[in-house]
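Chain lettering (A, B, C and D) follows the sequence in which the chains are written, and residue indices restart at 1 in each chain.
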């Protein structure tokens, strides 16, 4: 905690000019990187994203009672005996909530995460202007602590269809705490989230690996395989 | 068969930790790679996808009676005398069904494939919440066995518009077998499939080859060609 | 002409196996490459698409009276004195029609082109299931032959909303010829065209050049420029 | 100014053939590069886009009273102490208006910019055929000149739903000037803008950095982190 707040000051200095502008945005972004360095496994995918290191590009909205950040986390891959790769851990859209503690001040130390799986992303991007969704996670689902921490995310359309209430509830029986964050999101902001999540979805699934160097057909395929593969290319 | 089941055990060991978690997902993924290595021609495109080898990133849903996987297969290209390339075999979205044989147990050995052509993908991604589609394939269409195996894929909207029944029927007169798989798919899961298939479609067609190094106009074009090519650039 | 028909035979040989299969698709594809080599300026963009040479990946539909191919043509760029580049000739979606001359036989020599500009593509991809569009081109618009050749493309929704009639009219006063092609297109096929054209559109405009190596801010910006550029980043 | 008009003449020469064709398009494009070279910080992102230098690919529409260009500007990134990067200045969609001064003549020197933030882009791409939007910017918001210059962008749907009026109002109390640009935009042109902006949005946010070399999971994650990261991959 002490450590966090120190890094917090450092971050503030980093973007002090922006702070004079009363721009909270960059605080979040700066803190963000801190939070990640304490979540090594989250950023594994990026860690390996080549020489350029990790990239932090959260989409953040700051409202009266809390802030909400949306950030993609890439999948990880495992090498098979064959030398091929398969998706080991699917990517997620990481939602992070942290509370307001005053005029344009937010307490990043009290942040809570909620990672949307590809299917949950599918549910979000298919929401109409009048629809609502709710998701439940148990972070310790398969451990001895199963059931001790319950997270629920709710996305409720506003009556007038001009936005949503996005709220996260975290009940922690171990720490005997209950936290609730509510962030009103405009249609414009939700459209950014939907568009960016639709863009990210194939990447979370590992399908962006489709964009590879130009493949050329090998000729080493037995006639049996040819027959079997024919229906693949058959067009009606 | 013996061979397959042996590899099956190997795969289980591979992701045993996940299995304790009662997570069927990874069984499918692991087996997947096996199935592909026995379908060389399927994965030709990936085989040539550069040093990194093939990548397996199926989107799988596990339901009571069967599991369904959705996976893109890239097109293959043929070199022309000119040194240019043209699409030889179009890519497909490979659907794979395999039956449940108990609580969270699925029999990959009894899998059946159905490869959606670009046009069939177009039909899938244009489906409304109340619409249904049906596709028919004859894997041996042009061989002496034509008509011996008939596959039909049906996507039926649920009455309440909250999902689809995806079912595959395979009638094999050679083996005297009839197999039927039915997988209920939620709106969220179907949205993932539609979004991922829309992303994949240009790749199946080979259009992702558009994203190439920055082209620069050559000056070697005769005036005749210039005139002919003018209407290309003409904007109304 | 003689030359063309010779190459035509060569092409047929190339994919003769496919022809036995009565698959017209590959004839078009094979001929396609020929047609392009006689349209150097069309394929400039691809010609320069790096070591891999040009890539031919048309989406073709073969119907009773004619065939229709849809194929993206990339923009070309011109170097400025500054060393920067700007789009010189915008890309187009090239539509090619050629007539049927018998059972699964099509006469590529009588093909006609119609190149959709980015704005015309915008019109196509915004068409609803009941809407229709019409486009007019004069290939020699700015030459002495202006008005001598008139091309009109019409996309008419079917009464039942299950597809479109795509037809091209070419009136050539120089050759005293009038040609008309009509190709019925299903909703599935039109969805492929719309999805692929939406994917291609930013590339035709040159916007795919956005996906470049990770940029890092330079510190060489005068305060004046800073102030002016501030509103760029300002978020409301 | 003198300098600008000289470069203006050079540009005209550059695309004189086009000008005979009465094609204003290329004037804008040519001038564009000029305008940018006087906005170094705008094009920082492109400046660093690798060896190939900056790329200018505006989408321009020329109407009776004014012209409008739409052009993406990439975000800039800052290096953190950790060596990682975070978005420093988000990208924008730069709208540029300049007035007509005669038949197919436009005065680039009197151009005005309006940079749409990601959230404003979200608002634009979610507009229905009957909807309207309005945006307000104060370029000097945080300087001593705050409030001296007020820009408002209005996008008004036409009564018949077949397009929009896009207008920019700039009230400058320092120069005692008021400028107004009105550009009617067809549905086709607006569709191009929406499609291209949707494509660009993830890039403006820095999310295109997702498309990186194939990541592989590291094994250096403590069990604590494992537990914490588990809910990330958990699929319901």
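The rule is short, and it goes like this: a contact is a pair of C-beta atoms (placed from the backbone, for glycine too) under 8 Å apart; a residue touches a chain by one contact, two chains touch by 3 or more.
Keep in mind that this is a model prediction, so the values were computed, not measured.
Peer 1: Same or different, please, for the chain B to chain C contact, judged on whether over half of the interface numbers appear on both copies.
Peer 2: Homomeric contact, different residues on each side for the most part.
Peer 1: Superposing the C-alpha atoms of chain A on chain D takes a rotation of how many degrees, nearest 5?
Peer 2: The superposition gives an angle of 90 degrees.
Peer 1: So, comparing C-alpha centroids, which chain is the farthest one from chain C?
Peer 2: It is A whose centre lies farthest from that of chain C.
Peer 1: State, to the nearest whole Å, the distance from the C-alpha centre of chain C to the C-alpha centre of chain D.
Peer 2: 26
Peer 1: I'd like the Å distance between the centres of chain A and chain C, where a centre is the mean of that chain's Cα atoms.
Peer 2: 37
Peer 1: When you check chain A against every other chain, which residues touch at least two of them?
Peer 2: 52, 55, 75, 77, 85, 118-120, 142, 209, 211, 214, 235
Peer 1: Could you list, by residue number, the parts of chain D that touch chain A in their complex?
Peer 2: 75, 77, 80-87, 118-123, 125-126, 141-142, 198, 201-202, 205-207, 209-218, 220-221, 225-236
Peer 1: Using the touch definition from the top, list the residues of chain B that touch chain A in their complex.
Peer 2: 10, 14, 20-22, 29-30, 32-33, 37, 39-42, 44-50, 52-57, 59, 72-79, 85, 88-90, 92, 94, 113, 115, 117-120, 135-143, 151, 186-192, 195-196, 199-200, 203, 208-209, 211
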